[in-house]
Structures are given as C-alpha cells and as structure tokens.
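Per-chain residue numbering starts at 1, and chain names A, B, C and D are given in the order in which the chains are listed.
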C-alpha cells in the first residue's frame, strides 16, 4: 500500500499542464542556454506580474544554486551577507555560501524572521575594520517554518538596507505560497527587494527557479557567473517551458492557493483536535507536535518528516503540495483524532 | 520555414522513450535528492555495463557542474589539474575550476588530445615547490573536436598517472559517441579512469550526467560536495528516469551509434565533394571548411555553428543528434554540391 | 608627554636580545624561504621543548595568516571548523577562514572557552548530509579574554576529537602567557593537539609565529600552501632569528612570566581597590570595569583599549608586555585609587 | 670559506640605515596595524615622488601577498587577469591567484613582456560569455628576466586598458631597479597604472612592499581585504620604518642604482669575454650561458641560481644587491676568464 504523501512539495514530477507541454514541444528544436523563444515568452509573462520595473530574469535549476550564485554576485571578497540563524543558507546548504569565500553573519530568528533593529545593530558593530563588511541581506518568503513577512515588515528591512547600503535578496523557493499568504504581490516584491526568485520546483514545476534582478548593479555578467557555477543549463528551454506554463492563466498562483488552503485546513483541524503547533505557519508547511508514541503509528500510513525529535514529544512536518487532495487531509485528521483520544 | 538543425546535440527536449516515461511516472511520489527507487534502478542498470568494479554513481544536471564538483573533490588547495589548452574546462566554463580555488596547468593539444610524455614532463617541472602540485588529469572522450582516445592511448596516460600519483578524470559529455567510435567500453573506462561521467544531455536525455567514481579516495562525502555546489537536485528522480530509460535495452548506445553513423556519412559525403575538414573527427561532430562566400548561403537553410572564422575560409560545425535524419544529411550534401561547384 | 602604555603586547619592536641579534647578523648572507641555518637552529631549539614527537615546524608572519593557512590545510571543501563564537577567527579576521571556502560552525563560549559536550552535540547534528562535515576544532591558549584551558579540559576536547575524527588546532598567539598560566607545557600541548603555534609577535619577538605540526596528515606540501597564501617569507631567516633568540636560555618563557606576573599584580591591585573585572583572566590581559566618568580621566595618562562600552560602565583592557614596568602598574593603581574614591 | 653571493637580492637582512633605525626606535611604543606616525611619515615621503595624484598607500609584507590581495580586490568572481605566461603569478606563486577564485588568462611573453596587440585580441575573444571576462592586467617592472617597459610601451598597454575597461596593475618587486633602468619615474607610473607596488625586500629593506592605489575604485575597504588575507601586520610600524628610511635622502634609488650599475658592469664584462646572455637585461639580474663543465667550478666559489639547465649549456642567474661589491664582480669576471679560456 502506498502511504499518503505529506513529505514535501517536491515529490511529484510536475503538474499535468507541464507534462503536456513537455510532450507538445518534444518535436521541436531550440537554441541553447536560455536564449530560445519559450524562455523569452516566459520572461515576458512573468514581467507582467512585476509592474514597470526594469528587471532581468534568469532561470536556474534549484534553490541552493540560486542562493549561491546571487550572493556571490552581490559581494566583494571582504563582504558578508546577514541571515537569521535558521536561514536555509546558514544551515542546510552544506556551506555553499562560504564555498564562494563569503561569511554569513548570523542574526537571531523570530519565528524564522529577521528583526530590522538587530540588522541595524549588526551593521554598526561591523564598522570595525577587522570584521567583514555587511553588504547583503538574505531573507526567505515564506520562511523555513512557514511564516511570512508582511509588506510593513519588508519595508522596515528595506529601510535599514537603504541606510547602510545593503542589497536585499529574497529566497523565494516557496514564493508562490508566500505571495498568497502575505498578500505581498510580486509587483510589490520587485519594488522592495534588489533581487529575488520565484520557485517552481516546489510549486508545480518540474524544476526551475526564476531569478528576478531589479538592481542594475547586480545585472552585468550574471550569465557568466551562472556558467561558472554550472547553473547555465544547456537545455534552458526546459526551464522556459516550466515558467511559460505556470505563468499562463495564473496557474502558478492557483497551485499555490491550493497548497495553502489545504495546509490551513489541516492546521485548523489539528487545532480543533487540541494538537499544538511549533509556530503559526500560514503557508503550505505545518508543524504539529505529537507525543512520541503516536509518531510511529502515523508513519505506518503517512509520509512526513521529523522536524525536531524530543524525549517525549516530537515536532513533525506536514507539507501540502499542488497534488495533495482534501480527502487525504480529512483522512489524516480522522486518524489523528483516533490516535490521540 | 524551419531551418534544418545541425547546430548541436542538445537542441531537443529528449528522445520519445523518455518523454513517455516522464508522463508515465507523473502520477507518482518519490523521495528526494536521488534516494528514490528509480535512481537506484538506473544505477544498477549502469553498473551492469561497468563490470565488477566497486563504484559510486551520482546524477548531476550538467557538464560544467560535473567537471567542477569532481575536480574540486580531487584536489587539495595547493593542487592543480592538467588539461590540454583546448579542454572545455580551460576555455568554455568561465573560470569554473579556478572559482573553486584551483589552477589548471595547460598542456599542448594534439587534435584535442593530451600527450602522456608532455604530462610527465609537467609533473617533473612542478616538483619545484613554488609551483602547484599537479594531482589531477582532465581529458575528454570524445574530445572537443570529435576525436577519441584509443585504449592504448588511455593506458599510456594511466601509466603516467600511476607513476606520479595523479587522479585521471574523463569528461564524458559525449561519452556515448566516444564509446561507439573508440571501441573503449564503459567497462574498460572504469578500469582505467579514477572517475568519469556518462552524459545524457547530448545523447537523447532531457538533462543529466551520471558520475561514476571508481577510486575509493574520491567517494566520501561526495553528496555533501554536490549539495554545496547546488548539484544535488531535490527532484533527483527526474535524473533517475533519464538513465533508467537510456540504459534499458541499450537505448543509450543505439542513439549514440545513430549520431555517429550519420556524422560519418556526412563526413564521407563532404570528402567526396572535395571539402576539407579541420580534423579527422570520428564522432558526431564534423568540422568542414568552406569559403566565406558559401557560409551565408548555407545558413539560410541550415542551423550550425561557426567554429573558427577566417579572412577567406571559415570552419563550421555540423552536429548530428539522436533526432537527425538521414534525409537531412542527404539534403545538405546535395546543397553543398550545388554551392561549391 | 608620552602616555603609559597598556594598550597591547605588540606595541614595541622587539626585546633587546632580538635587536642585538638583528644587528649581529646584518653582515651575513642567507638562503631564502626559511631554509637557512638560523631557521634550522631555531627549529632544533624549539623541538627540545616538544619532547620526542616527530613534528614539522614552519615560521609564519602573523596570527591571522597562521590560522588561515592551517585551517585551509586541514579541511576538504565540504568540511568545517568548530570555534566558540568569540574565537578570533569567528570575529576579528574579516572572514579569512570563509575566504578559503570553509564555514566556521559556532559554539557557545564559556569565559572564552569551548565545552566538549557542546562540541560532541555539534558533530552529531552535522551527520545530516545537507550540513557541513565538522572536521576541525579551533581553540586558543590563552583565550581572547585571558582565560586558559587546563590539561584536563584539553584532554576532554581531545577525547571528542578522537571519537569523531577531528583535528585539534590551538591558536597560540599568546601561547607563552598561556603556558605559564596553565602549566600545560609545550611538550604536553604537542601530545594533545594535532597542530598549534607559538606566537612571538606578542611575546617579545619582532614578528613571527612558529607553527608546530604533529599530525602526519597535515604535513605534506605545507610549504606550497604557505607560498600560495603569501606566507612563505623570502627572508625567512628574519623569522629564524626571532625564535633562535627567544628559545635560547628560556628567554621566551622569562618574558611570558614577566607579562603574567605584572598582569596578576595589576589584577590583585584592582580587586583590592574594589574594581570588578569582566572575567577571571590569569594571563597578561586584564579587563577591569569602570564607571564611564573615570574612563576619560584615565585615558589622559594611559593608553588602553575600550573592550565593551556601556551606558554607565565600560569594560577596558590593560595588557602587560615584556616591556611593561612594575612602577607603571604601581602608578596606575595609585591613580585609580584617587579616581574612584 | 664563505662563497661570494650572487644568489639573489634578498639574502641580507637590510641596509645599515635600516638596522640603525630599528635599534633607534626599539624603545618606543606604537599603535598597531599601520596607523602609527612612522607609517604616516613614510607614506608622505613616498607621495612626494608620486606627484599630485590622490592615492592610498598600504604596506604589505611580501610580493606574492601584494599580488594576491590586489588582484583579488580588482576582480569580480567571473573576471580574470591577463598575464604573460612567464609572469610571476602564472608560474611561481603556487596558484595564489587561482586560490582566490580567479583565472589568469595567459599571453605570450616577449623577453618577459606583454604585447598590447595580443592583449587586445584576448579581450575581443573573451567577449564570448562562456569565457571569463578579462578585467585586470598584470605586468612587472622590471620583469622576471630583468627587462623593462619603456614609457611608450606602458602607454600602449594603458591605451588597450582604457579601450576595454581594464585595470592595470604593476608588480614592482624590483621597481627600484626598474625605475633606474627605464627612466620611467614613480610619478609617471602613478599616471599610467591603476595600482602598483614598490618593493623594499629586494631593494635594501628588511621586508615590505608599498602598494600604491591610484584608481578610486580600488581603494574602499582595502585594509579589510588585507586583514582577511593575513596581510595587515599587527606591528605595521616595522614596515613603516623600512619605507621611512628608504625614502629619506633618495636612499631607495641610490641602492637601486648601485644594484643596476654593478649588474651592467658584470654584463659588459661577460660580453667582452664572449659569454652569451639569455636576454638583454638592463637591471640587477643577469643571465649568462655557460657550458655545463664550467658550472660546477663556478659554484665552488660563488652562490648563484641555475635558471635553465640544458644538456650541454646552462643558463645561470647572477643578481647584484645593495650589498654587492665591485671587487666581487671583478673577481667573478677574472675567474670566468680563466675558466673559459
């Protein structure tokens, strides 16, 4: 019997519309390295969501790659990027940023988020010249624990960036989910951030992250840097197909809305059952806390990840993807009800 | 009107068998990061071609990435890799090897190939401790200009590697074509090289390069290094599908044979017409030389790359892929006959 | 009027014995790059203090350089070094370790020191392969705040290193002071650490740090790595003169003892006056805490550094060097008595 | 018996004036990291030779360090530096430039020098975006084989730099000798180059290279980068003493003139004896060619380096330093006369 899948949002190949387009284009020939007409079409469709900013858009394969290439582009050798301690680059990328020669200056996390005052304090302390020069800021929308920045929160960080001459980069591996939950549109993001990416891998696409570069300083030679990092895909048109499909008829946002809605339904259901949650996630990841005795039983029927093991209780993660079905959530809630009573 | 495509071997999405399998698996769920059952199946199928060596196999997305991660794994900070000046890493990867801190020590190229005596001389000169310590050797099968190493040539390079303690790494972006042309099997390659990869991107696959690591020294923590380089794909199963399909029923080699056969047919046809060629390529890339006046006319009907422009003559490149048709080559030869008479 | 100098222990050129030897050797000729007879003599003299371990000794110019070259030698690309958050490499070397591609994994500090249990926990957490592989451990003897590791404490850290296959590297910029205060001899250090250095810059020498490499794994090609980092001084014999002089007639330890004794005299004097101290430093740096109103007056007559400014109180640092005189400390204590009454 | 020393120009501690000043200042106290008054005085004295350019001056310890820090400051991650194949950074720095992530793009050497037309051609070829972006130019005055660039030659390279937006950096490890031989003054160098250094190590100083940064782009945060590379000496005042002494009463140039004069005397003497030379060096290094049978006899009495060993003949190097005496050259010439007759 196949278990019901809440493991993550990158467990399926892609949504049906993309599978169809892959087949549809399989007879064609395309020029390489993202200079084909499908990539161009995809860029134009994305730009319609970005308003009238003058930006460059590049398609990369994955999130770690996108983070590494962008931060490497932003920084001179003596410069560092600030991140909360729980930021993906600071924990789960096996030292990728440092491998490009740059230090991550850690800040405390508050439900996964950065505090602008703590960022400012960091900048002041680092005026001392035996320290790195903080030049970049890395945040994620949504965060690692499913929380989101409101527009007001983003603007406060932007203010510190302007005051100290910092670049603001937003990791958007789950940007779809983040946009739906926060109400901060891509257009607003393009006005606030210097650069950010829109993740397809976790939002119905087969692979691909669309990097949006707004700040002119960061645009020159970006493709050379991608090439150097092995991030300039020969068959760039495969990435183009992802975004061309997802940004047709709002598909990207429809999938994101589906993910969030089911996750919030799951969350409310858990709360009604008296299950506590690690934090108040408003996106497609939810982190309920169960007694250890229950974990084993749940795992007989469901696929999920253990987030924080403990002696008596364990935090686990349920993720809803574009492919998750409401009946699967209902089944889960029903089973949990039986297990905890 | 669509032009006839001889531009390169990565212009199509993938061969039909892969498109079908993508669709077939699109309803499934898979664990991430290459630890799924399709990747495992693909590894087993490849291993059947490798004989009884004890090797690790990892799937990466592209050639530059594969080269960079492997060479970074091989070398300590003060160590360098030897390559012929025309090696892909030395010319067309935008400084990727150097970006990981390592120097490429250049050797002369002989129809794209390395001379073992020149390699040995390099090792001797570099005993001087103000120079890098040469530790890795990078060659390509097939080379950038379509030539191949015979088994005897590979063994001579291996001999120097053994004498000076060097790792031998073979870039196999066009390994399929190389195996068919040289007769050096994957099994023999696994006995000679410390590590090499088998390229799918240019041999009918959608994306993907299968890195084969034979030498135990190079195996530990390879997945961590891939993660660090953004080369550990979340949806690793997409890469698994490529190789599982290609290594079923010899599909990989059938496609490679098709590529080579048409390219040799094209080459013989050109020679009969009196067209000279840059070198004696025996694989799927051919480099005819034309008077400049003809280039423009050819490009009205055909897609190809200019390899070496000159004042009077120009070297151009025709590449045959799994999708190239015999009638396209016939049409090309017919048109060339008319143009040059 | 010249102020009385408690600013640091690298404010004077060098102790008289070294100045004399510089003059004495100024008529000679020496081969370059540390292969001269004075360097050889210095190495032999140091080795007499190290017992019968089989070690390599290299002379480097400064502490940041010594830290960077050694940690770069220890680690493969995906590996990291553990350090307490207050470690010099983690704060005041402008990202030098990260510039070589390696991440520093931070641990809490306890009066400047590392807790072996926290180190072990870090190793366990980092078994997860999306994280760096912790391979090196960096500690300082004496620490940044003048505290020291006892032999027992060092052995407990060694135990964790042995269990998890870690290299233990000890920053010895103030090793002289550390040896005197802790009673852990160089011989014992050579039995416990894989590598460490003995700092001359802050212990009476003009410049120079002597890197002692005990672990055979870390010895090969070290000079090549030094050259690459610009750390292989052409006039290596100048460094040789430092250590040949300092390790004659126990001069190195006599100077260290002088530094410590005056600092402890200063500390006891402060305590008698009721002045609190930041921590219980037992070496040549002392960190008294004064009301802000007093700081300005003190600075009219004395050179010192502000360590931690506060709204009402400020921690300042007094450092005793080989050149500090007892009457200067007496004068200081007398002035403090008058200021605080 | 001590052999007569022609081995190199960094075999002595320092010229007498510096030894005296070291002793003179040995009672003083100085602030650290090059912010003391002697460093400031040294900078002012050097600036008098530079005319009215607005430049920053930093003191580093050695040549490899100076090259690495400057080139790292000049380049973004995807950018490369052009150098002739025989350039010191391309051969004898153990991969230092590559260790900072940057590729050296090699150009042919013509008696150690770069051809501006070849540089321009390189820039054009590298417009292809799968290659590095050439951004820096590295040349040496004097070169590795003792030749020099005339003002006209420098201006032609400058012209290419201006046309393609390149930074021109001049390695001045033997700048003193280069200024005397070429007639290109430091003032002119500061008008032509974006940055260059003035070497003391090989020109009578104990240690030290003075980096002159003219181009405003290269000035910000240079001290942070030095710190990161371990190149910001705690006892910066020791470097200050070198340059303050050497740039008093033209001492630097008097020593350089002495070196060159004796070397040219040696060269003319050799030529009169019929000894051929590798190239027409006009500075303090000379490269005579002898039959192998003579080399052994010469080495019984003289210290020198073998430059290029051959089957029958060998190129050896004689270097004159500030300490070389005319009678030593006379003795050498006399001995050669006897040996070759």
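Convention: contacts are C-beta pairs under 8 Å (C-beta built on N, C-alpha and C of every residue); 3 or more make two chains touch, one makes a residue touch a chain.
Bear in mind the structure is a predicted one, so any value in this text is a computation, not a measurement.
Minimum number of contact steps separating chain A from chain C: 1.
Ranking every chain by how far its Cα centroid lies from the centroid of chain C, the top place goes to B.
Per-chain CA centroids place chain A at a distance of 33 Å from chain B. Centre to centre, using the average C-alpha position, chain B and chain C are separated by 51 Å. For the pair chain B and chain D, the distance between mean C-alpha positions equals 43 Å.
Residues of chain C found to touch two or more other chains are 77-78, 93-95, 99-101, 129-132, 224-225, 227-228.
Residues of chain A touching chain B in their complex: 2, 5, 7-8, 10-14, 16, 19, 22-23, 25-26, 28-32, 61-69, 93-96, 99-100, 201-202, 206-207, 224-225, 227-235, 237-238, 303, 323. Of all residues in chain A, those touching chain C in their complex are 77-78, 80, 91-95, 98-103, 106, 129-132.
Within the complex formed with chain C, the residues of chain B that make contact are 72-73, 76-79, 100-101, 129-133, 221, 223-225, 227-228.
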